[in-house]
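Please read the structure below before turning to the comments.
Residue numbering begins at 1 within each chain, and the chains themselves are lettered A, B, C, D, E and F in the order written.
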Amino acid sequence: MLKPNVETFLACDASYEESRIVLYGAPFDSTTSFRPGARFGPPAIRHESFGLETYSPYQDKDLEDCRIFDSGDMELCFGSSEQALADIEERASVILADGKLPLLLGGEHLVTLGAVRAAARQWPDLHIIHFDAHADLRDDYLGARLSHACVLRRCHDILGDGRIHQFCIRSGEREEFRFAWEHTDMHPFGFGGLEQVVDKLRKQNLPVYVTIDLDCLDPAAFPGTGTPEAGGVWFPALLRAIQLVSQTRVIGADVTELAPMLDASGASTALACKVVRELMLALYPLS
Amino acid sequence: MLKPNVETFLACDASYEESRIVLYGAPFDSTTSFRPGARFGPPAIRHESFGLETYSPYQDKDLEDCRIFDSGDMELCFGSSEQALADIEERASVILADGKLPLLLGGEHLVTLGAVRAAARQWPDLHIIHFDAHADLRDDYLGARLSHACVLRRCHDILGDGRIHQFCIRSGEREEFRFAWEHTDMHPFGFGGLEQVVDKLRKQNLPVYVTIDLDCLDPAAFPGTGTPEAGGVWFPALLRAIQLVSQTRVIGADVTELAPMLDASGASTALACKVVRELMLALYPLS
Amino acid sequence: MLKPNVETFLACDASYEESRIVLYGAPFDSTTSFRPGARFGPPAIRHESFGLETYSPYQDKDLEDCRIFDSGDMELCFGSSEQALADIEERASVILADGKLPLLLGGEHLVTLGAVRAAARQWPDLHIIHFDAHADLRDDYLGARLSHACVLRRCHDILGDGRIHQFCIRSGEREEFRFAWEHTDMHPFGFGGLEQVVDKLRKQNLPVYVTIDLDCLDPAAFPGTGTPEAGGVWFPALLRAIQLVSQTRVIGADVTELAPMLDASGASTALACKVVRELMLALYPLS
Amino acid sequence: MLKPNVETFLACDASYEESRIVLYGAPFDSTTSFRPGARFGPPAIRHESFGLETYSPYQDKDLEDCRIFDSGDMELCFGSSEQALADIEERASVILADGKLPLLLGGEHLVTLGAVRAAARQWPDLHIIHFDAHADLRDDYLGARLSHACVLRRCHDILGDGRIHQFCIRSGEREEFRFAWEHTDMHPFGFGGLEQVVDKLRKQNLPVYVTIDLDCLDPAAFPGTGTPEAGGVWFPALLRAIQLVSQTRVIGADVTELAPMLDASGASTALACKVVRELMLALYPLS
Amino acid sequence: MLKPNVETFLACDASYEESRIVLYGAPFDSTTSFRPGARFGPPAIRHESFGLETYSPYQDKDLEDCRIFDSGDMELCFGSSEQALADIEERASVILADGKLPLLLGGEHLVTLGAVRAAARQWPDLHIIHFDAHADLRDDYLGARLSHACVLRRCHDILGDGRIHQFCIRSGEREEFRFAWEHTDMHPFGFGGLEQVVDKLRKQNLPVYVTIDLDCLDPAAFPGTGTPEAGGVWFPALLRAIQLVSQTRVIGADVTELAPMLDASGASTALACKVVRELMLALYPLS
Amino acid sequence: MLKPNVETFLACDASYEESRIVLYGAPFDSTTSFRPGARFGPPAIRHESFGLETYSPYQDKDLEDCRIFDSGDMELCFGSSEQALADIEERASVILADGKLPLLLGGEHLVTLGAVRAAARQWPDLHIIHFDAHADLRDDYLGARLSHACVLRRCHDILGDGRIHQFCIRSGEREEFRFAWEHTDMHPFGFGGLEQVVDKLRKQNLPVYVTIDLDCLDPAAFPGTGTPEAGGVWFPALLRAIQLVSQTRVIGADVTELAPMLDASGASTALACKVVRELMLALYPLS
């Protein structure tokens, strides 16, 4: 008898019970101010992952050896950020409560806030490692406090000073940079300082949420994003950074801001898939 | 001495005071559920209008003979539909209060609600003539009552039964069609019945708001829109409909749902420009 | 507990057992000689179907009221047409044996041959109704006898003279047209003669396989196909033809030759989705 | 021994001596004011012609039965319209002097002037049949008198009143329409009046140059052109017009304004190829 | 009362009188021999600049603190290079005469010649610093001496030997490289030698015109240009070069050869915007 | 008298007899499993080569000084890999028998097998130098042993252990990497070890076939390929590798896997042209 058509990220076909990592997609981009399209990221990543191999020669690991579950995309309300964030928070909470690692596929960067709210409730001493071209530290954007441009500021509202470690940042208002110098641990332009941060977090065994805005990459490699910002990092550096970060106690993660229609060549989507694969392999088995 | 760079729709370079028609753009698409991009419509229409002539051989009229002012695009808050609608309503109210005809360039179709709110306050006996592929009569869409898919339902909340005249409709839930049979004056698939509607409105000299969702056109002619729906009307039919409608007492109008990035050939944008030109020429001088 | 991510065509979420129609995708285009890409048709149709409503105002029917199962896409061997056809034939045979109607989503037109082989084994008196821009009657194409350009000729090998009813044909070698005058029932350019054909088939209650090469449509409406051929039919005419054909005893059908990447606007994919919806609604419940 | 790589339009592989029709390409678009790209038209038409069959079911004729030579594209000087026109005129003169029909592939519409200069020298009583969306009757355009927007005006300078028969025109300055009413034989919007014009020219056996600006077609069918203008004709109407025109004594012809990069689907290029095929078949053998 | 729609590059909203830098656009590409489209560069840069922040973390400077005026795009005659250059020269002369720095947005590289003519008249000891993939030193190109491929050769005609300092050059005829070895100061492939050149020019306080053909960048980062040439420099290197150059007495500058339609992802346009922002911040206040 | 339209790669206009290198194109991609389109590579490379100069400043050599013949593209049977490979083998054999170097333009990577079969018959001690992102060492792919994913495995069937030198490999099944460690000489990720390999081959004067799958390049530089794989090499490194390899006794070569439609910017095609130019200049005159 014919079976229904189950679609997952490449090889993420474990049952929910046995899985250690759970993928969930948040196809949301309502607050994107410049060029929307990140809503199409999660299904594109899932679909195009089949152009990859399950095996990583970088890490000599294979997704075939991992138990990962892909729960598909959430149906989120366009036009109401608060409702969308509540739904994401609930999904993340369920996964965390079951002792699994939630891996969120965005969507615009605002979706991170839902997952961080869930994680911070469970781990009040949470730290965030943040890779991004943009500081995302505005207090509001055109009047909206729930905006992709404010998402790390909202995380700071929850976690307070010194808990957010930002890398690759190369764009922001002057005010955001000033805020960062006082309240976050910002490392502009690249990954300089990441080893020390990882060392410290690892030694204290602190819980870490990793949020990767893919526009940290150079637009040459990753043009398929709403706000391409020249001067970014390349894939090999991001890969090394992911491997470094995986030495900490990562309890949740996300990969955001692929807007696949903006790069018709498909190279951006393929790169996003590879980042997701390497991230899952690096985090697995959970520390 | 060099002058600043003023950009308007082709030949719409009258001063505000002397103008009879005022263009204003609402680059908003936050509630678009399928494919966003209508936010880029107004600047694209303004910019590409220079591929047109000012003269229409269809109407033997020339924009050079009209006094039209282009007030540019509003800066609207992405992620808050209510705030955006309030801003649009305010702009429309100002123009109406000055005795001019506001011509709104969308943006997604929800923006119409802001203009209709302003118009209905000034003319409680307002009628709406609505060209669209979609009924837009849902009571809510994924929980949101302010959604492009609900915009005519919200207008019905204000105006009540028998005031909304819908043409070209060929998509909707079964419930929307049932609602229409009872509460609106729906003419599915094409412009059948428009002459009679115009006759009646004209005889009673009723104030009319005209809302043109460009996806009433066939996607062959107008692929650059978020939800292309086969089986639409062609430009000559739309042109005749516009000329018909201009025989009524039109007090406001809009043209919505061009998503220019979705049609890289530029033909959709060029068609939208031509619709705007013909609409302005048909409405001018105001009846 | 979270559920796996099942993806189907819009509302085709019945179980296999209860279903009357079974969708199956054949993402194959190895013999495409001009521009490949039809392999991406089935997942694109499935994914983009969510831009449609389940309700058809044309037929006043709703997919919500139908029991249809979507079995997803087959994994076919690129580079071996014979193997791919054998796999398709087997899938079609299973569905036919279970008394359900197999509805195949191509893929290039060659995939039809697999389904027709299965159908002709079960119904030796099978007729084919064929909508296409191209005659597809070559005996071989650059040496290959299993080619999209030969598929109806291969069907003729099985069924013999007078069983293949071709409509909308406007391209072929002179030899193909000569073959058609002698061996098939060809109606060039449009749907002229379809009513008579349907009448005859209906009166004799003959089993009919319907194969729709979407390039029968005009490229203005459907540019997303490998070999666009000007002078085609429009959607309303195709819709009427589908409704006509559904009056016969249709036992199998297919919709082929969408190459979604060739029409970046998405209008071709949206049209293909609408054709599939209308075809399913027209055929349901099975006669 | 291996042969060099000769590339021609489909089946146009006669030797120059035996040929009756000679194709020549003018990849020039320097005066295009809106969107350039027509320079890429001739090689695209030549290359994509292999997606067509040599046989036309419309005319029941086959290119295999015709002796046509394709002389490839000229190397024209970008930035100097006068030099480019002189080169085109020389090429056309050579072909005309050899008693063959020159068929020019543009390029922007200005290239027609080179061919018309050559033709008018040989046939002082020349008439022009002109299919176009635009009147092209400006006396100058931004100061340039050699511009695509002035090309028929320059032809009028040579031929005088009543010799230019314009069809499908739906765009121009008011002045151009006024000029047309006095000096040319303009039939706006479609092919109305063409039969009468053909009748008259045929009875007097007057020499005719046919210039087809492909933007006479509706942009739905032909978006791949610099200035798409809604409200055009469809392929079947153009095909009938070509067959009509071929009843006159056509001594030269051109097909211009395909800008293939503007229509990534390839449908515009495919249509242009089909127009060229049907035009050659209609004109062959020369009357 | 509503104000007209003034459009400028991000934050370049000073009045002409108070401004120190004046932007002016030259949307011209008539001599482009390979792929046109640079004409669309200036409006694209202006429009997309709003995806940037006004603040540069690289230079810790903010456009909000600068007085810059954007005079919009000139209306240039397509098809007459000489007329277009005269118009550019006039605009540049006015700005120079008012003691302001003219910053030209191309357009193809030929537009530089207009600005250099104006600058060299005012500063006979002018030097040029030239970043480009192509030497642009041909004496003529297909017969035209006013061509993008000849622009630095024409500048050499004015300035003579040793005044033109070329960097990043990696394409040209053998003759151009030979000419360069004798007559210009060419540094192929990258920015090697730039520090020494800047040192020398700075010590002598010589007036410098900076011309940046954006195709000096690697096509991976900047595919949106007519003639992409692999092996270019990356944004960080260009940024450092701009900062270096700003140590000299720069009296005029340009940024040319963005063809935005060739990079549908928008990344090239975004990069061009960032180069313009960094260039303005580096040059401001004028030395 | 007008000449036929011969089209070749830039400056490859020698006669076959006098030529030392012979280009031949294999527009085949039937076994491509992910995204087809490599069939369009050879004509795109030939056509776009005219955007290059004939002179290379990297090697200070000029194509004008070389005698190279371009034999155009073969007409290969889609859907039958074995037949296509036989045709390629025959063409390569003819060229090799005439003492010339065959330079094959793909097409998908499988086409290499035809050329290697011909070369290995003439030089049983043949070595292969292989640049690629993918190991291509599967024994079969979805049942097919003649697949792009198996092509080097098939070459290994012919040549045996230690004869295949692989560079830049960063994707494959775990089994392929295991196979490589035992049977081929694999250097993952980059060109590390190439100098040593070249040294050894050069000292023994062994015949070498060079196969360049262009996806060895980073997708940032070369997105126009079916399976983009992040983390590749850049053009300058590939250029150096080509120059190194040319120190061995190269008897045949190929450049494969450009799928030009996947990179609408044209930058990938331009890069492929430059690789072909540099490869020909490096190999000429044959060692």
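Annotations
To be clear about the criterion, a contact is a pair of C-beta atoms (placed from the backbone, for glycine too) under 8 Å apart; a residue touches a chain by one contact, two chains touch by 3 or more.
Remember, it's a predicted structure, so these values are computed and weren't measured experimentally.
The set of chains touching chain C and also touching chain E is given as A, B, D, F.
In a homomeric contact, the two copies may use the same or different surfaces; for chain C and chain D, under half of the interface residue numbers are shared, pointing to different surfaces.
Placing every chain at the mean of its C-alpha atoms, the farthest one from chain D is found to be A. Centroid analysis (C-alpha atoms only) places B farthest from chain F. Matching the C-alpha atoms of chain A with those of chain F calls for a turn of 120 degrees, to the nearest 5. Spacing of chain E relative to chain F, judged by their CA centroids, is 38 angstrom.
With centres set at the average Cα position, the gap from chain A to chain D is 55 Å. In chain C, the residues that reach two or more other chains under the touch definition are 218, 220-221, 263-264.
Here the touching chains pair up as A-B, A-C, A-E, A-F, B-C, B-D, B-E, C-D, C-F, D-E, D-F, E-F.
Contact residues on chain E toward chain F in their complex (touch as defined above): 34-35, 169-174, 177, 188-189, 218-221, 223-224, 227-231, 262-264. For chain A in complex with chain F, the residues that touch the partner chain are 50-55, 57-58, 62, 218, 220-221, 234-236, 239, 263-267, 270-271, 274. In the complex of the two chains, the chain F residues touching chain C come out as 29-33, 36-37, 39, 75-81, 83, 142-144, 146-147. Contact residues on chain D toward chain F in their complex (touch as defined above): 1-8, 16-17, 22, 24, 43, 46-47, 69-73, 94-95, 264.
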